[in-house]
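Here the chain labels run A, B and C in written order, and each chain numbers its own residues starting at 1.
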Amino acid sequence: MTSPQQHRSPLGDQLAVAGSVDWLVTSGFLALAAVYIRAFAFTPPEAIQGPAQRILYVHASSAFVALYLAFALMALSSVLYLALRDEKLDRLAESAAEVGLAFTTVVLLTGPLWGKPIWGTWWTWDARLTSTLFLWFIIVGYLVLRGAVDERGMRARYSAVLGVLAGLLIPFIHLSVYLFRTMHPMPLLAKPSAPSMPGDMVVTFVSGFFALTLLFAGLLRARYRIATLRDLIADSEDQH
Amino acid sequence: MPERNPPGMLHATWLVARKDLAIEFRTRTAFFSALLFALLGLTIFYFAWDPTAVAAIDLAPGVLWVIFVFSGLLGLQRSFSVEQADRAIDALLAAPVDREAIYLGKALANFLFVAAVQAISLPALALFYNLPVSQAFLPIAGIAVLAAIGIVSVGTMFSSMAVNTRLAELLLPMLALPFFIPIVMAAAVSTSRLLAGRPVADVMPWLRILVAFDLVFVVACTLAFPYTLEE
Amino acid sequence: MPPALSATEAVTRSVVMAEGLVRAFSGRRAVDNVTFSLDAGECLALFGPNGAGKTTLLRLLAGLLSPTSGSCSIGGTVLRSGSTARGQVGLVSHASMLYAPLTALENVEFTARMYGLRDPRAAARAALHTMRVLDRADTPVRSLSRGLQQRVSIARAIVHAPQLLLCDEPYTGLDDVGSGALTAALTERREAGAALLLVTHNLSEGLALATHAAIMRRGKFVRFESRADVHASSYALEYRELAAADA
């Protein structure tokens, strides 16, 4: 808890930051644009899948960001919040969940776009797609819970508890969904001995990962700043 | 000062569970509405499919588990609304017992509630859907117990959180249902295999998931519960 | 479990001690740096306009809220997750904290069991008798009138003979018989060495039993003095001014 004297200057700092251009988000979007220029102009289309394969560069990278960065960050900061009770960790979890929801939504939208020409159907209960859908439900539930609690401390504790439990749930969802069935192409880069993708594609693919990770970092930071600003404004309103 | 010896964890768990069961026994509203819901659900689902296209035996496991989950939610919702009504939860929390015991006691009462609904609706399902349950009955009952533990462990936790939010009861399904996915999958797939006459060994991977889920979430929720209370 | 207070210790050791107690909600301090202590047999009457933080203070002292900073101890034990200290406190709040479907006796007996009393049923009956509702012991609480529910609720709060009794507007809804029973019960607790904290809007009611009086406003104690220094008329004046200032 910050003392009242400290409030004025952090709020001013945050407001100044909010008014300036966010170079991290900007470069994230530029990098993503560069990846797609490369994908369309300089990377040959995949022989069997044709142009639809190019969606992979954003689909797979978004899935990576959503699950391994956003969701993991949400669960991790939830655990740490319960241990340390630092409001920053709660804001981090909140930001990771919300940005993660955007990336998960991208995965769920691009998956069917690719699936229609390749699998011949918009939606299929394939293991990876199903897991992502469940992940999406969990994140939405998490954000609905946040919206339904007014008191800040209680909201932080409740959402941290849900974040921790959701982190524990993920292995169970993966296990049961895989046991159910799978027909998703295994990640092509997962075999380190011999990546089955031609060199050009690998470069585009890997740069896609970097672009989206950069974009994630930018959006996360921007969202975190909004959360900080909101709390500072609430604090300063309470002082008067 | 009168003689006193504050109850230990297990004793307090039992006191809380017994109190909840006494309330349920006195009112019986939640039990009968959950049971009626289950029986109505079984009936409606039967007519929602064309019996000439889908055999009842293929339909039954899914119906069974969907209905168990939703009727369980009815009981879970009530679990903390009785505490909230006149803030009885405050008296419970002020008592010199471990907060974990409050969670475990409420969860135990909810488990008995869900198990009682299952104990009646499972034979009803066998009757309505004309199932050959004789040899599969014990394993299916075992699955029901494992699934009920999982549903109740997570559901009790979220019920205590949901009553304190602006959405109240509306929030519980949104929070709890994603956690019920692995339970419903495991229970429904194993039930259908067992009904098809396959041996228990065939469904062992699913049973392991259920057991692991129960262990992980009973422990995690018991430990996490105090964090949701200390306001 | 701390040893029971002997008669000599009871006079020297404070039953409740709050030091720099702060509780913030979303950054706003509902209780702001409250320090006080009460010895055995003392009774603090706490006045203050709505939203002054009285209820929050009571919840902190009952162990229902944890302080943002500062601490409170009951009988020398810091009130944290340590459950034994919590067991020395009784709380009467504006909610009845009863289970409506259960009978009066079942409610009080459940509390007695949760506090580990040797003979819970006898203790519950005795508490109901003190509050003069023993004749309705087997009536479900939901069938009792508001005033009778309040009596059962008080019986529930005193059944374990708490060392610290916290009462939030305990006289609300009570008739003459109920008020008389409550005053007798509070007096009996004090004589047994307990400390009382009485939150009320009614000055004469509060000051009748009080050894100390305090006015709370915006989370702080703006006045705190012993009964000898309290003049009901000046209190009334100040209290009215404060209430008007906050309105």
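The rule is simple: contacts are C-beta pairs under 8 Å (C-beta built on N, C-alpha and C of every residue); 3 or more make two chains touch, one makes a residue touch a chain.
Small disclaimer: the values here were computed from a predicted structure and weren't measured.
Asks: Return the chain whose centre of C-alpha atoms lies at maximal distance from the corresponding centre of subunit C.
Replies: It is A whose centre lies farthest from that of subunit C.
Asks: Central chain, going by Cα centroids?
Replies: Smallest offset from the overall C-alpha mean is found for B.
Asks: Quick one: report the Å distance separating subunit A from subunit C, using the average Cα coordinate of each chain.
Replies: Chain centres of subunit A and subunit C, defined by C-alpha means, are spaced 49 Å apart.
Asks: At what distance in angstrom does the C-alpha mean of subunit C lie from that of subunit B?
Replies: Distance between chain centres, rounded to whole Å: 38 Å.
Asks: Report the inter-chain centroid distance for subunit A and subunit B in whole angstrom, where each centroid is the mean of the CA atoms.
Replies: Taking the mean C-alpha position of each chain, the two centres sit 32 Å apart.
Asks: Where in subunit C do residues touch at least two different other chains?
Replies: Answer for subunit C, listing residues that touch two or more other chains: there are none.
Asks: Give me the residue numbers in subunit A that touch at least two other chains, ranges are fine.
Replies: 150-151, 153
Asks: By residue number and range, which residues of subunit B touch two or more other chains?
Replies: 230-231
Asks: Please output the residues of subunit A touching subunit B within their complex, sorted ascending.
Replies: Interface residues on the subunit A side: 82, 134, 137-138, 140-141, 144-145, 148-151, 153-154, 157-158, 160-162, 164-166, 168-169, 172-173, 175-177, 179-180.
Asks: So in the complex, which bits of subunit A are touching subunit C?
Replies: 1, 150-153, 231, 234-235, 238
Asks: Residue numbers of subunit C touching subunit B in their complex, please.
Replies: It is residues 1, 4, 59, 62-66, 81, 83-87, 89, 91, 93, 95-102, 106, 110-111, 113-118, 123, 140, 156, 160-161, 192 of subunit C that touch subunit B.
Asks: Using the touch rule from the top, collect the residues of subunit C that touch subunit A in their complex.
Replies: Residues 24-28, 68-69.
Asks: Enumerate the contact residues on subunit B facing subunit C in the complex.
Replies: Result: residues 1-7, 12, 15, 19, 22-23, 26-27, 82, 85-88, 90-99, 226, 230-231 of subunit B touch subunit C.
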